[in-house]
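Step one of this worksheet: look at the structure below.
Chain IDs A, B, C and D follow the sequence of writing; residue 1 opens each chain.
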Amino acid sequence: MNTWIYIAIFIFLSLFFPTLLAVAGWFLGPRRPNPIKEDTYECGLETVGETWVQFKIQYYLFALVFLVFDVELVFLYPWAVAYHKLPLYAVGEGVLFIALLAAALIYAWRKGALEWS
Amino acid sequence: MIPLNWYLLVSAALFALGLFGVLSRKNAVAILMGVELMLNAVNINLLAFWRYRAPTEATGLAFAVIVFAVAAAEVAVGLALFIAVYRRFKSVAADEINLLKW
Amino acid sequence: MTVMQIVFLITAVVTLFAAFRVVTTPNMVHAALWLIVTLFGAAVFYALLQANFLAVAQVVVYIGAIAILMMFVIMLTRREMRDRGPQTGKQWPWAAVIAAAFFGGLVWLGQQAALPAAPKADVPKDSIAQLGQALVSPNGFVIPFEVASVLLLAALIGAVYLAWTRHQS
Amino acid sequence: MGILSQPVGAIAAWLQALLEGWGLAPGLTKVILYLIGAGLVATLVQVWVIFLIWFERKIIGRFQDRLGPNRVGPYGLLQPFADLIKIITKEVILPAKADKAVYLLGPIVMNAGVLAIWAVIPLMPMVGMDTNIAALYTIAVGAFATLGILMSGWASNNKFALVSAIRTVAQMVAYEVPTVLALLVPVLLAGTMSLHGIVKAQHVWFVIFAPLAFLIYFIASVAEVGRTPFDLLEAESEIVAGFHIEYSGMVFAIFYVADFLHAFTIGALAAVLFLGGWRGPGAEAFPLLGVVYLWIKAFAVYFLVVWARGSLPRVRIDQMMDFSWKFLTPLALILLVVAAVLDHFVIGLGVWGRALSHLAANAVVAWLVLQYLEHYDRARARQRPMVAQPGQYPEARPPAPVETSPETAS
């Protein structure tokens, strides 16, 4: 439990420091707002329409492959920690797991999901 | 020490909120968020029982990790479905997608 | 009332409030951000339960990947930044009734069982190594372990197939 | 327990006795001690950034044949303070269309995601929290940095900011996969996720066990931070300045600080995971030396990052994505399998035997990869010759006749 207390304190502090900076900037800096200054910055042009967001499907696919990898890696970490206590066939099971992961990567690659354009 | 039923209460409340989200939301992504809440409630429940009943075995942990995998698979396929639906109907509002309704 | 209990209550209040905002806020990106708060609250619960590995894995998987993926999809499937109109269907009172009834039923069920007030034993120091061994031991979870991998592979194939059409690009 | 062999332990024990002497409960004393410890580490690291900014500007200046800052103070050492004073007196502009709360939370979350990594870094023997999930914790905390970027990009309500944020996040998640995979190798070799345990297991530095994993970890981390050559998120010519266009004053400075801190943090992490952390002659007996060793190693890696920034051009986004998904990730998978299978057979060989067999395996993998790359390159060259073949391109058109307008003609 002690580690978590320390980590909680540390996370609290690491949120606190930047907040302090922001608050300092807020109070020490001048505040003279005007509509032009607060407008959306676009190299002097006025923005057209809403911040129209219609992204390429590509971004979703990258995030998707990432999600699958991330979850599988969560499985692999306990395996790696227990590694020295495992018999050879258990290591083989881990390798099979990695092979399935590689299969996922190869599928996404072949399908063209990893191409940018 | 925290009694076990506190955890159960919180997870029940979380599950009920997730259920409410699933039943009441229009946007399909929001419905999926409700499902995520329910899955998390289940995981809190699993780990609470693991901690109080069998902390020396890894069973509860293994269960929870597998719930992670299921949640990830569900999100991946669910969101892909929404994207496919969005492409077809230009909307992800669950009540507007009613081709199969009648 | 010990310190642990106070921490628990604060976490519970924050988590449930965030969960409430997830299901009620009309702005979808805000809903996703509140979802992240809820997920982080769940990670704190795992930490309180001394499931250290699960607490961190929760952050890695849910906040690092699932929430990001959801925000991507929200931004992908919407033409405007802000949502117009209510995001809750007309059926919401019924949904509230059902959810409340469900919650009541769960609470009632919880009252019936004799639940331990304190854990039987401490979590062993090497619980992660134990988990690792259990995941690959034939007497443990080797089948779910490999099936999880196959499941994720299938999910990836399905999702890529659904979302990706060549003529789109 | 002498002050030299256990400096922190001795001071902590003295403080604890002092505080308990004032009649505080032991639990509260512990919390206060933790607060002091965490506060010291966090402040030290945050203040260290001031030096890093000066160092990087100076070094980059030298790389570009300039002097770098040299006006304020000796060698320009006080330049960052001048910048600090300047930026503190700048206005913090809140864009009218921004989502105010998320807009302000974004940089804070991002900075916290970088700073919180230091909670688990073992600064010297016995210092820095020893937790059995530390390695994964560093990844988990990194998720918040990603989140902060997405939050600030979205909340700015600016097209460029949003596009940049989405791009950055795609880049960060792409390079997180090789990072996590490369991180698995030291975890596997040490058999623990505790960073203290990993340092203790490095009788021989893991960089000798797994040079390729170190390289992957280093490259992928640099890309995750978004340093040159992977700094597409702030490609000035394409997307104005990146996800922080709408930020100004001190709130912008938070991003700036987080950037430098992140670069140094990956240096520290690489030092801990692969370069032996606080290990060095005499570090066990005099833990304070351990901090010095760790700092030197972290600084060396940081210098590599700056060096890359000074010498490499920016890559294209499709090249960058391909590099992660099609090169680093498969290679990291192969290395993981090689390490896992090999270590099972060589574990009995003693430290150096094990290290050298891993090194040999790495060399074989590296050779095979180079062969494959060469083969791939040749195949591509055959498909698409670099020299234009006759008839490959249409005849160059003759230059269009210069039209003379009647005004100039007359």
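One rule holds in what follows: contacts are C-beta pairs under 8 Å (C-beta built on N, C-alpha and C of every residue); 3 or more make two chains touch, one makes a residue touch a chain.
These figures come from a predicted structure and were not determined experimentally.
The chain pair A-B and the chain pair A-C differ in C-beta contact count, and the higher one is A-C.
Note: the chain lying farthest from chain B is D, by mean C-alpha position.
Chain B has its Cα centroid 21 Å from the Cα centroid of chain A. Note on chain placement: the centre of chain A and the centre of chain C lie 17 Å apart, centres being C-alpha means.
The distance from the centre of chain A to the centre of chain D, each centre being the mean of the chain's C-alpha atoms, comes to 14 Å. Taking each chain's centre as the average of its CA atoms, chain B and chain C sit 6 Å apart. Shared interface positions of chain D, defined as residues touching 2 or more other chains, are 131, 136-137, 157, 162, 166, 169, 173, 176, 191, 193. Residue positions 3, 51-53, 55, 57-60, 63-68, 70-71, 74-75, 77-78, 80-83, 85, 94, 101, 108, 117 of chain A are each in touch with at least two other chains. Looking at chain C, residues 50, 52-53, 57, 60-61, 64-66, 68-69, 72-73, 75-76, 78, 81, 128-131, 133, 135, 148, 152, 155-156, 159-161, 163, 168 sit in touch with two or more other chains. Shown are all chain pairs that touch, namely A-B, A-C, A-D, B-C, C-D. Those residues of chain B whose C-beta lies close enough to touch chain C in the complex are 1-10, 12-21, 23-27, 29-30, 32-34, 36-37, 40, 43-44, 47-48, 50-62, 64-66, 68-77, 79-84, 86-87, 92, 94-95.
For chain D in complex with chain C, the touching residues are 27, 102, 131-133, 136-137, 139-144, 146-147, 150-151, 154, 157, 162, 166, 169, 173, 176, 191, 193. The part of chain C that touches chain B in the complex is made up of residues 2, 4-5, 8, 12, 15-16, 19-20, 22-23, 28, 31-32, 35, 38-39, 42, 45-46, 48-51, 53-54, 57-58, 61-62, 65-66, 69-70, 73-74, 76-78, 83, 86-89, 91-92, 94-96, 98-100, 102-103, 106-107, 110, 115-124, 127, 130-131, 133-135, 140-141, 144, 148, 151-152, 154-156, 158-163, 168. By the touch criterion stated above, chain C contacts chain A in their complex at residues 47, 50, 52-53, 57, 60-61, 64-66, 68-69, 72-73, 75-76, 78-82, 128-133, 135-137, 142, 145-146, 148-150, 152-153, 155-157, 159-161, 163-164, 166, 168-169. By the touch criterion stated above, chain B contacts chain A in their complex at residues 65, 68-69, 72, 75-76, 79-80, 83.
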